[in-house]
Amino acid sequence: MIRIGVVDTTFSRVDMAKHVIRVIEENMPEAEIIRYTVPGLKDIPVAAKKLLDQGCEAVITLGWVGAKPVDKYSYLAASIGLIMLQIMTGKHVIDVTVHEDEADDPEKLYEIAVNRAVKHAYNLIKLVKYGGEALREYAGKGLRQGGPDVGPIKE
Amino acid sequence: MIRIGVVDTTFSRVDMAKHVIRVIEENMPEAEIIRYTVPGLKDIPVAAKKLLDQGCEAVITLGWVGAKPVDKYSYLAASIGLIMLQIMTGKHVIDVTVHEDEADDPEKLYEIAVNRAVKHAYNLIKLVKYGGEALREYAGKGLRQGGPDVGPIKE
Amino acid sequence: MIRIGVVDTTFSRVDMAKHVIRVIEENMPEAEIIRYTVPGLKDIPVAAKKLLDQGCEAVITLGWVGAKPVDKYSYLAASIGLIMLQIMTGKHVIDVTVHEDEADDPEKLYEIAVNRAVKHAYNLIKLVKYGGEALREYAGKGLRQGGPDVGPIKE
Amino acid sequence: MIRIGVVDTTFSRVDMAKHVIRVIEENMPEAEIIRYTVPGLKDIPVAAKKLLDQGCEAVITLGWVGAKPVDKYSYLAASIGLIMLQIMTGKHVIDVTVHEDEADDPEKLYEIAVNRAVKHAYNLIKLVKYGGEALREYAGKGLRQGGPDVGPIKE
Amino acid sequence: MIRIGVVDTTFSRVDMAKHVIRVIEENMPEAEIIRYTVPGLKDIPVAAKKLLDQGCEAVITLGWVGAKPVDKYSYLAASIGLIMLQIMTGKHVIDVTVHEDEADDPEKLYEIAVNRAVKHAYNLIKLVKYGGEALREYAGKGLRQGGPDVGPIKE
């Protein structure tokens, strides 16, 4: 059996985990999902660490970042932490982040969040199931999460 | 018996630790609280490290950040340090930070600091007592510390 | 036999790996190339780590960075991760990065990407084959990847 | 016998170490002081590391930062290094930093530097002698180094 | 016999290593110099790591940074890497960096680069030969590399 970790926050204004878990359950029914909810962005790396320590093969994290410049520093610090965790463990931690200033309309922000989380859930599943070759056919194809793909420049 | 660490600074203009300790004593009377006071923000990570080395299950840190751009770099450096400490130890270090430029009115700043510290003290207690499921019912609910919750976008 | 790793992304709008692999195959036919495709920039360091763990002597990574300020923070975080990985392993991870705002014209961006990737593929091959003396004759010569060399100021 | 490390730079325009050493000698005569002078800011972390390796219980570092934006990045990098060193060793490295743009008048800058260095020397002594309780009575009291204390908002 | 490492890049527009090596040969004839040339700034930390692994007592790195904001992020990432390498190994890596926007006139930039590299070569030699006391007489004296010293504020 394979374990997949899901980390989310109470700071987020969208329950992205609900959608991520649905995608994993439908496409990877053999997986045991362990979910860990923390207050905010900067608590995410340690939660991911705890889930990896519990045997998760990979983790998906669902962050929500405020609009102030200092929130962007928190984003930077958390991103560095998640990357360091990954190179210390050799495990994927797929980092879904929504920035509150990506859209003025909350409805639009909701759509971005769900779209991004769902697409990255599929990415996670493919990487865990098939490894580094799983996404090869999309390499350089200008895929985007949170909105429509932009496509490759040529070909 | 469980040990909880509290780190605060002489730089801060509000004694947040007093409120945090009261909340822990009332809601987790079995906990032994170890408090460590340092001069400023950049001294916080090593104090948290020392408390974890003394057997604390988790630590709450109470930082206060100046308004100058360079103070924000100090914030970034300290944040990276606290996140690295957490992924090196697998323990929660709940990071309460107040930025001096969050409010012009000192009275308002005082309220932000106490509100944020108290709410995060409750977060810490829940995480230590019940783990990653403790905050699940609030996932994606737009909770805020330092002011009123903003709530979820939908549902 | 020597193994060379190639990491690329689905976020990129140019399939740089195709060109890199061609250069390696033509100039280092004895090499076994292992390619790992990830969703985006911040997933690159762990993929490089996985390839080094599989015995790659060196890795070339092909990142694509958006134009928004927050994308630059992602670039910074990924760069720190790749540098930390290198000093933890003592192996070269040649970091090819294209910034979406380097050119307004997509055609021009395509040229930059291919030029940069190809030139760095040659750099990688030289470093792996001949070590720290391989590039000595070009030291201080103002070489550029992604466009024409600017040359040395004197001599 | 206890060893205390002092790191300073040739870049600094004020000999802060002289004042720090005087304070330590007067208030902690039993301490052996080991001083390490480096060229500039980014050399400070390794000097502190060397002094900790030589058995110093704590180190005080005396940095001087230029006024250009890129100097602030050097400040950030050095700060991250000092914080990482502290969480790797569990030892205090009290970080005194003067920014060349804190005052236009060199005389004023001189005063800031000496005031900050001296006050932090006292902080260091208290922390080494009495640990995390040493500064408790000043917690949240709005102490400042480099100028007058601002005091707590209330009480 | 003592080994000294020199890292430089093909991106640089000045062959700083030539001058550094001359200074070392003249003032430390007993040293074996190992030089490692890499493509650019972000490749410098791993080259320094490789030279330390080959037994170098210290390394001097000769970086050249572009003028764009994103180049400054590369500078920050490389600086963090070099500092981390130093605190992981306890060895000096003297970091000579020239920013392309320090002067408009290439001739002037050339002078800055050679002056800075040569002065830091002397710093390196002194630190390796005499340790932390070597530069004590210049502590707080406002020395500068790349231009004239500014001197201390007082005395």
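Brief remarks follow.
Letters A, B, C, D and E mark the chains in the order given here, with residues in each chain numbered from 1 onward.
Following the convention adopted for this analysis, a contact is a pair of C-beta atoms (placed from the backbone, for glycine too) under 8 Å apart; a residue touches a chain by one contact, two chains touch by 3 or more.
These numbers come from a predicted model, not from an experiment.
One copy, chain C, sits rotated relative to the other, chain D; on C-alpha atoms the angle is 145 degrees to the nearest 5.
Per-chain Cα centroids separate chain A from chain D by 40 Å. Centre to centre, using the average C-alpha position, chain C and chain E are separated by 25 Å. Counting only residues that touch two or more partner chains, chain D has 76, 80, 84. Taken as a contact graph, with one node per protein chain and an edge wherever two chains touch, the assembly forms a single closed ring in which every chain touches exactly two others. Order of chains round the closed ring, starting at chain D and going on to chain E, comes out as D, E, C, A, B. Note for the complex: chain C touches chain A at residues 8-18, 34-39, 42-43, 45-51, 53, 69-70, 73-74, 76-78, 80-81, 84-85, 88, 106-107, 109-110.
Within the complex formed with chain D, the residues of chain E that make contact are 65, 72, 75-76, 79-80, 82-84, 86-87, 90-95, 99, 120, 123, 127, 131-136, 138-145, 150-155.
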